[in-house]
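Listed next: structures, encoded as structure tokens.
Shared between the two complexes below is chain A, which pairs with chain B and chain C, respectively.
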Partner chain A sequence: MIQKFVILMLATTSLLPAQNFPAGKSILEKVDQNMSARTRISVSRMEITMARGSRTIEAKSWSEGDKNAFTEYLAPAREKGTKMLKTDRQLWIYSPATDRVIQISGHMLRQSVMGSDLSYEDMMNDTPLLEQYSAIVDAAETIGGRSCWVVTLTALAPDVSYHQQKMWIDQERNVPLKIEMYARGGKLLKKIELSDVKRVQGRWFPMSMLYKDMLKKGEGTRMTFLDLQLDTALPAGIFTKASLK
Partner chain B sequence: MLLFKTALQSLIGNGLKTWLTVFVLSLAIVMIIIMQGILHGWSRQAIDDAQRWELADGQYWCGGYDPWDPFSLDSATASIPEPLARQVEQGLLEPVLITQATVYPEGRMQGVMLRGIRPGQQLLEIPTAVLRGDSMGPVPVVVGAFMARQLKVKLNDEMILRWRDKNGAFEAVDIRIAGVFKTAVPSIDNGVLWIGLENLQAMTMRQGEANILVKSEAAEVIEVEGWTFKTVDKLMEATLLLVKTKSAGTSVFYVIFLLLAMLAIFDTQTLAIFRRQREIGTMVALGMTRGQVVKHFTIEGSLYALLAIVVGAVWGTPLIWYLSAVGISFPMEAAEFGVPMADVMYAAVTPGLVLGTVLFVFVVTAIVSYLPARKIATMNPTEAIRGKIL
Partner chain C sequence: MIRFLFKGLLRDKSRSLLPVIVVAVGVMMTVFLHAYLEGILNDSIEESARLSSGHVKITTLGYHENSSQRPNEYAVTAVDRLLEALKHDFPDLQWSERILFGGLLDAPDGEGYTRSQGNVAGAGIRLIGSDEEIERMDLRARLFAGRFPEHRGEVLISNELFKKMKLRLGDEVTLISSSMYGDMAMYNFTVCGTLHFGIAALDKGMVYADIEDVRNALYMDDAAGEILGFFPGNYDEKRALQLQEAFAPDGSGDEFSLVLTPMSKASGMDFLILYSRYAGFIIIFIFVFAMSIVLWNAGLLGGLRRYGEFGLRLAIGESKREAYGSLVGEAVLIGLVGSVAGTAIGLVFAYLMQEFGLNAGDMIKDSTLMLPTVFRAQITPMTYVIGFIPGVLSTVIGAMLAGIGIYKRQTAQLFKELT
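Presenting the complex of A and B:
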């Protein structure tokens, strides 16, 4: 009798998460619907906190998926007018000081953006999560008073930068509020805290993101969207070298 | 012989002025020999150090490998082809795999070049035996003394290493400084972390691949598609060019020394001819041809060079011997300088260098002595005796 009871209890508890938690795939779908856009025009501010002080960079960006991106730096004065064009794996930078367009190796995309905790790749990556990861919902937790699903994402292909990610996704708005990014061996590499979730053209979108390289000392880099337009028509020829000058 | 004797007597008769000129000239001779000797010794030492630590008897480069473009490293690796793989197995070639990585000593972020080499290799002097380590603990790495200082780490310190595998996925492990070596070759020290080859191949998912193969003397050079063999001369081209440029740069100093000495000789000769007009007139009146008088004054001037060679040999020989045997130490680190450069540099003085310098100085002195003496050819002996010619 006791044996039957224990088996019944075990079966019930093991079935519980499966019954209560939604499928990871459906959550990712909803997150992609919010976060991923065909085109994006944004004005953002990046506050980089380093050991020797902090610096703020403002930029206007136009992007199309994760292939094409064009960025013009607006501040500080030293960087103002610097433009960057990325098309597929090619990268060009225009510096107003030298009035020259320089092509930079595509590998530069993996480097830090002006000493921040973000790489160019991190900044421009807009590949839908569903295309890169499989997802399993592990738990339900609360972050900043919002109920979240804790979802573990595992890369579907070997060429995804972070083999595993853990996301705390707002159950109601389907927006991640915290992301942890892991190496293949399981070491925590990066953490992103997303906040100030607002309605942007019918979607929920976090307007502020705090990136933190977990291997490095420092307080991280905060990226704030001052203006954001999603799925809007982009100016013709914006992703050509002619637009750099 | 008579001309030589009288010229020597007049020179010695000038007293302190002669010896001052001789000393400056001897200074120029010895300085030229020492500076050229040190530069020659440097280039010889640079080649020797580079061969012992990095190049051995040359390198095979995988197609597209460019040591000056770290961003192209990932696309410049390949599996070692069959004929070369056999030589690798025999220990005649040493494969090196290179990738970019980031280390975090004490939470500071620093970009590094991660170089994989076999722990058991004997070809290069890098202390790779310590790279064996155990498979459980942090991965052992060795660094040069300059790099250790840059990272602010010491033996057995641990830190995190982050890199991307060949697919671009991030990976990170703990590493331990298993060895710190001192080298005069900055390209294997500055910004470089040495790790076991198999470890790095596994970490980057590039099993059996390498960017370069270091050749031992016993290995034959084979033409292999996709790999280019570079000789030591080719690989040292930039360093030797730099030494050559330095050599040209330092010649400014001995041009200044020589100019000072030559100015003194020219001045002395001009003054002597002006002051000794009566003597010149008498010499011609007594039957010496103008040519013989010109020769007399030219020999007198050239004797400065001969005396300078003797004086230079007296004080310069022990100094040159000291610099050749004990050397001269420089407070700067090779890695800071960017080219192979030992702490102590030895002067490599060859008989050719000494003879060449001495001959050069002698010829220049003879020319400078002859120039003012030419005026004697236009002298009228009677006017000269009266002292009204110049």
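Presenting the complex of A and C:
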């Protein structure tokens, strides 16, 4: 009798938090709705801290959904004029120094972008979360005074860059404030801290992100949006190789 | 006494000829095998030193700790000044600056877009204006097609990669790699020649360019990933350790402080050097053991045959100790004669192997080790004497073991076997 009572109590206790949390899928839906725009034009600054000091890179990007993106580097002088084009799963880079358009593929996609803590895969991946992950809400925590759901995301397919992610999602604004990215073996690969959340054209958007590649030394890469326009008309033909040169 | 024993051996060939032949054959094999192993191991060590590790290597602490990743963000800077100081402080060594890098080599189509690509592991070495590195790395023998870089922007690539990327001499290719500052670097080269190493790891995707071009490509002005030091002769562990002490880091843990790594402490080389150091002892042990068994048996047979003789000698008043001593004395003489003959024959074979070598290029074409394509023996002062240790020792041990029978048997019994 006592045994049955203990089992019943344990089962009820373990179910209690889950009953209070919303479904992970509904949270991801809201994040995707908030963050994914039809088109996006942004000017961003990347501050990279590394062994030999820090560097600042500025770039302007145009993107359309999760398929097409085009980036032109504006500064420093050494990177100025370098352009990147992403179409579906292909990435092309133009460097004015060599006057060549080069396709980046395979393991090169996992390499660092301009020495930062971001890989080309990180930059290319704009696919809505719901299409890539299943989600379970683990807990509710507070980050920077904001109430967050702690959600564990598990990849639906083996070719997703990070097998598992843990996200702290602002309960009210549906914006991730902290993300941890894990390999299949459970190793923590990257951490992102998102801050300076602002209202942009009716959506909440983190204007500053601190990326930290856990496999690299250094203090990480801070990416800040200097300008952000959502659902704006894009220049015609920008997502073609001809626009690289 | 020696003369007496020697005469006895010469007159009774049945107790000297077979042991001398056995000793001579064993010593010949020991001498040849020692020279052969010395040659291969030293050549492998020197090949690795010339191609990758140097006899000593100077890097920053950060580079040393992550050397497998070729982390050029931890490159040595102000290299010109450092090289001047090294040449002044250690004039007996030759110093060579190198930059290792990984990346992608991209060949364009007619419109400048990617046609073919290959992963490369490259090295920037002094190729223009100096033949020192070409000679040191034996690149002339490895040049498969074309020529060495004569102008800026020219590159040598492995013949295997050249074929895989469907290139032609004179084609332009673009290197995509990481600069010293961690950002992507792209640089155009013209293919002027191809190399064939016979080492799978290098043939898969090795690229050699002049170090000044690589500096331009990777934004490494007056910098180098590593500075290699070479002794005038073969690797000298004692000297390398002395140099290491002179370069000991100050303990601050600063990632840019310079460290000197002896070749024996470079990854993968420690076992090879340790093995080469003890190879002689291993061979001696094996041959002493094997030949002792053979000569013990030969001694037993000889001893049994001579039991009557020993019985007579004991009967006429010779002590067991004297009889045993003469048996051991004979063994020493047989060992010496056999060792001289075996060493002479072994040296002849070793000399031929040293001069002409054995071309094993086809056998080791897929090897991941940096082995020389021609296996050569190497005659060292040790080669002249190494055969005497198993030659004399095993004969004496064999005779001593066989001679125990003299002590164990009764004089009368030994004497009885005379009849």
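Note that the second predicted complex is superposed on the first by the 222 of 245 C-alpha atoms of A that agree within 3 Å, B and C clash if a C-alpha of one lies under 4 Å from a C-alpha of the other, contacts with A are read in each partner's own complex, and residues count from 1 in each chain.
The rule is simple: a contact is a pair of C-beta atoms (placed from the backbone, for glycine too) under 8 Å apart; a residue touches a chain by one contact, two chains touch by 3 or more.
Owing to the predicted nature of the structure, the values given are computational and were not obtained by experimental measurement.
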{"item": "Contacts of A:183 with chain B and chain C, given as first, second, both or neither", "value": "first"}
{"item": "Partner chain in contact with A:215 - chain B first, chain C second, else both or neither", "value": "first"}
{"item": "Touching partner for A:78 - first (chain B), second (chain C), both, neither", "value": "second"}
{"item": "Which of chain B and chain C A:122 touches, first, second, both or neither", "value": "neither"}
{"item": "Chain A residues contacted in one complex by chain B, in the other by chain C", "value": "51, 105, 107-108"}
{"item": "Footprint of chain C on chain A - complex, ascending", "value": "48, 50-52, 55, 57, 78-79, 93, 95, 97-105, 107-108, 111-116, 241, 245"}
{"item": "Of chain A, residues touching chain B in the complex", "value": "51, 105-108, 110, 155, 157-163, 181, 183-185, 187, 189, 213, 215-218"}
{"item": "Contact set on chain B toward chain A in their complex", "value": "69, 71-72, 74, 102, 104, 106-109, 160, 162, 164-165, 167-173, 205"}
{"item": "Residues of chain C touching chain A in the complex", "value": "62, 73-74, 104, 106, 108, 112-114, 117, 119, 174, 176, 178-184, 186-188, 219, 255-256"}
